[in-house]
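Look for subunit A in each of the two complexes below; its partner is subunit B in the first and subunit C in the second.
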Partner chain A sequence: MTPSVRRWTFLVAAAALGGLLVWGMSGLPPFGDYHGVYGLLLNEVAVPERHATNVVAAVTFDYRGVDTMIEEFILFAAVIGVAVLLRNMRFEEEHEPEEQARGRRVPGTSNAVRVIGLTLLGPIVLYGLYVVAHGHLTPGGGFQGGVVLATGALLVYLSGEYVTLRRVRPQAFIDLAEATGAGSYVVVGLYGLVVAGSFLANFLPLGKIGTLPSAGTMPIINLAVGLEVAAGFTLLLSEFLDQTLVLDSTGRRT
Partner chain B sequence: MKLVDYLPYLVAIWLLLIGLYGIVTSRNLIHAVTCLAVAQSSTYVLLLSIGYRRAATAPIFLDVPLGTRAVDPVVASLALTDVVVGSTVTALLLALAVQIHKRTRTLDPDQLRSRRD
Partner chain C sequence: MTTVLLVVVLLMVAAGGTAVVLTRDPLNQAMIASFYGLVLGLLFLLMQAPDVGLSQITVGAVALPLMILLALAKVRRDSR
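Up next, the complex of A and B:
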């Protein structure tokens, strides 16, 4: 199939698909005129029932907590997939990080970038922890805070040598953190099954609405997700960096 | 039926179709993965615009009293799931692209096909 035949085939199919979608979506309620029963109900009951002021977090980590657990394992599986795909191949040799891959000239880091990066590192880590810890109160949570935490690793890479990053991210520890994060979610769920009678049921006191120790098990689950996401994204980041900076992959396939 | 009432849905359809067009005509696998991310972002627009209510705030009742008119929290939660799955799928596909480039020294889908034949 030549590119132009492919393009025209697509345009005909896309016109049909687009027409179907426009037809289907014209049956939706007009923008801004939402009357969904579940959402309106949850906005009423989530705060008194769960003592979590962030209703989105209450939905994510409580009302549909099992979905989120499975989603967390999608993340887990994808990170494992990337690690397996990017493992060292037989024909690749690992070099010292100082040595640059052939054909790639990496300019040295300027002092300005280094100073700003290292100055930002502390606040970024603190902010990530804040976002994870306050997930049940304000916008944020484990997923968002975890990604913010992983940008800390990116800052170390940007502001220093790659060698430093390899030293501050001991592989075994990151792997352990990721597995612990994923496993803790299941453990919290199973503990709820044993103590409170159903999977992921809350077994902690709900606390005073609007304070940090409130919403029962929700902050713990947020912490577990934050750990897993931070470790997972750090792992993704370092797998891709290893590809460009450490491996000399110019060797021919053997 | 006013156009503005349905404009966000049309934006979602447009994003999906333009992303698919990019994938179909792509000459580079990295570009194709990015186009997939564009196509997927249509689902965020669709979910969030379905849950939007006019003159409503975010469903977070820390500093607004309970009962304040707020948008739908369920679609916001689904969009969160969507973003996470989208980013991990992108990472996985980029890793595949790296591996394909290592083995075949090319990222052009047409050249890949001619090698296989």
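Up next, the complex of A and C:
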């Protein structure tokens, strides 16, 4: 196929696809014109039934809590997959981080990056905790807050040295936190099965609408997800950094 | 007002997506993909899906470019 034939094939196909897209989209209902029975019903019942002002959280952590649990384990499995792929191979040996080695090639962190990183660290961690804790009240929740928390670890790495990051996140603790986060979700579900008769039943008192201790099990599950996600992303970050900065292939493949 | 904002952000999404595709250097591409993720998050926020917007920003603007950057650092170090 010559380049000009290829170009014309693409142009004709793209024009056809574009035409179909415009035709299809012109038939879409207008923005905000919603007729989903299930969604309208949830909008009605979520606040009185579950005392959660964020209906999205009521769906993801209560009415369809099982879906979210499986999603959490998708992330869990993905992080474990990365950890397994990036494990220490037999032909690799660990050496001191490049930043400490003699004749270091990595330029030192600039003072500007260091100051901004350390200034942001506190607010970022606080904001992450806020997003996790208020998941049932306002947009946010364990997943988003967890990733925000994990960027705290990234800031430590950016503003300090890799060694500092290793000191503030002991590997065993991070592994434990990730597993605890993932496991607690299932434990909350099983506890609901025992005391209320169905898996992930909302067995806790619902509390006053709009306050932090409300919506029953939702804040607990959010906390579990936040722990799992924050630890998972920190693990991902440190696995990659271990690969880049500490591990070296000796070239001997056994 | 919202319509104007929506049109502006949609144009930014179109420009961002095109820029991601047209950038050939993976390092620059990761940076532009991060910006594109942020703009998509804005779009979701304007369309009244703040929950999705937050997820989009954390994953699209932070996590994904970070993984690409770390993988690039690893690849470049090995080829040195």
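By our rule, the second predicted complex is superposed on the first by the 210 of 254 C-alpha atoms of A that agree within 3 Å, B and C clash if a C-alpha of one lies under 4 Å from a C-alpha of the other, contacts with A are read in each partner's own complex, and residues count from 1 in each chain.
As a working rule, contacts are C-beta pairs under 8 Å (C-beta built on N, C-alpha and C of every residue); 3 or more make two chains touch, one makes a residue touch a chain.
This structure is a prediction, so every number in the text was calculated from the model and none was measured.
Once the two complexes are laid over each other on the shared chain, residue contacts for A:Thr151 go to subunit C alone; subunit B is not touched.
Judged by the touch definition given at the top, the superposed model places A:Ser159 against neither subunit B nor subunit C.
In the superposition on chain A, contact is made by A:Tyr34 with subunit B only, not with subunit C.
Of the two partner chains placed by superposition, only subunit B is touched by A:Gly210; subunit C is not. Looking at the shared chain after the overlay, A:Val131 reaches subunit C, while subunit B stays out of its contact range. Note on subunit A: of its two partners subunit C and subunit B, the one contacting more of its residues is B.
When both complexes are overlaid on chain A, the residue A:Asn54 reaches subunit B and subunit C alike.
Using the contact criterion defined above for the overlaid structures, shared-chain residue A:Ala14 touches subunit B, although it does not reach subunit C. After overlaying the two complexes on the shared chain, residue contacts for A:Gln243 are found with subunit B and with subunit C alike. Residue contacts after overlaying the shared chain place A:Phe143 against subunit B and subunit C alike.
Taken together, the two complexes place residues 31, 54, 56, 139, 143, 236, 240, 243, 249 of subunit A in contact with subunit B and also with subunit C. Interface residues of subunit A, counted against subunit C in their complex, comprise 31, 54, 56-57, 131, 139-141, 143-144, 147-148, 151, 154, 233, 236-237, 240-241, 243-244, 249.
Contact residues on subunit A toward subunit B in their complex (touch as defined above): 3, 6-7, 10-11, 14, 17-18, 21-22, 25-26, 28-34, 36, 38-40, 42-44, 46-48, 53-56, 58-60, 64, 67-68, 71, 74-75, 78-79, 81-82, 85-86, 89, 92, 137-139, 143, 210, 229, 236, 239-240, 243, 249, 253. For subunit B in complex with subunit A, the residues that touch the partner chain are 1-2, 4-10, 12-13, 16-17, 20-21, 24-25, 49-54, 58-62, 66-67, 70-77, 80-81, 83-85, 88-89, 91-92, 94-96, 98-99, 102-103, 110.
By the touch rule above, subunit C contacts subunit A in their complex via residues 47, 50-51, 53-55, 58-59, 62-63, 66-67, 70-71, 73-74, 77-78.
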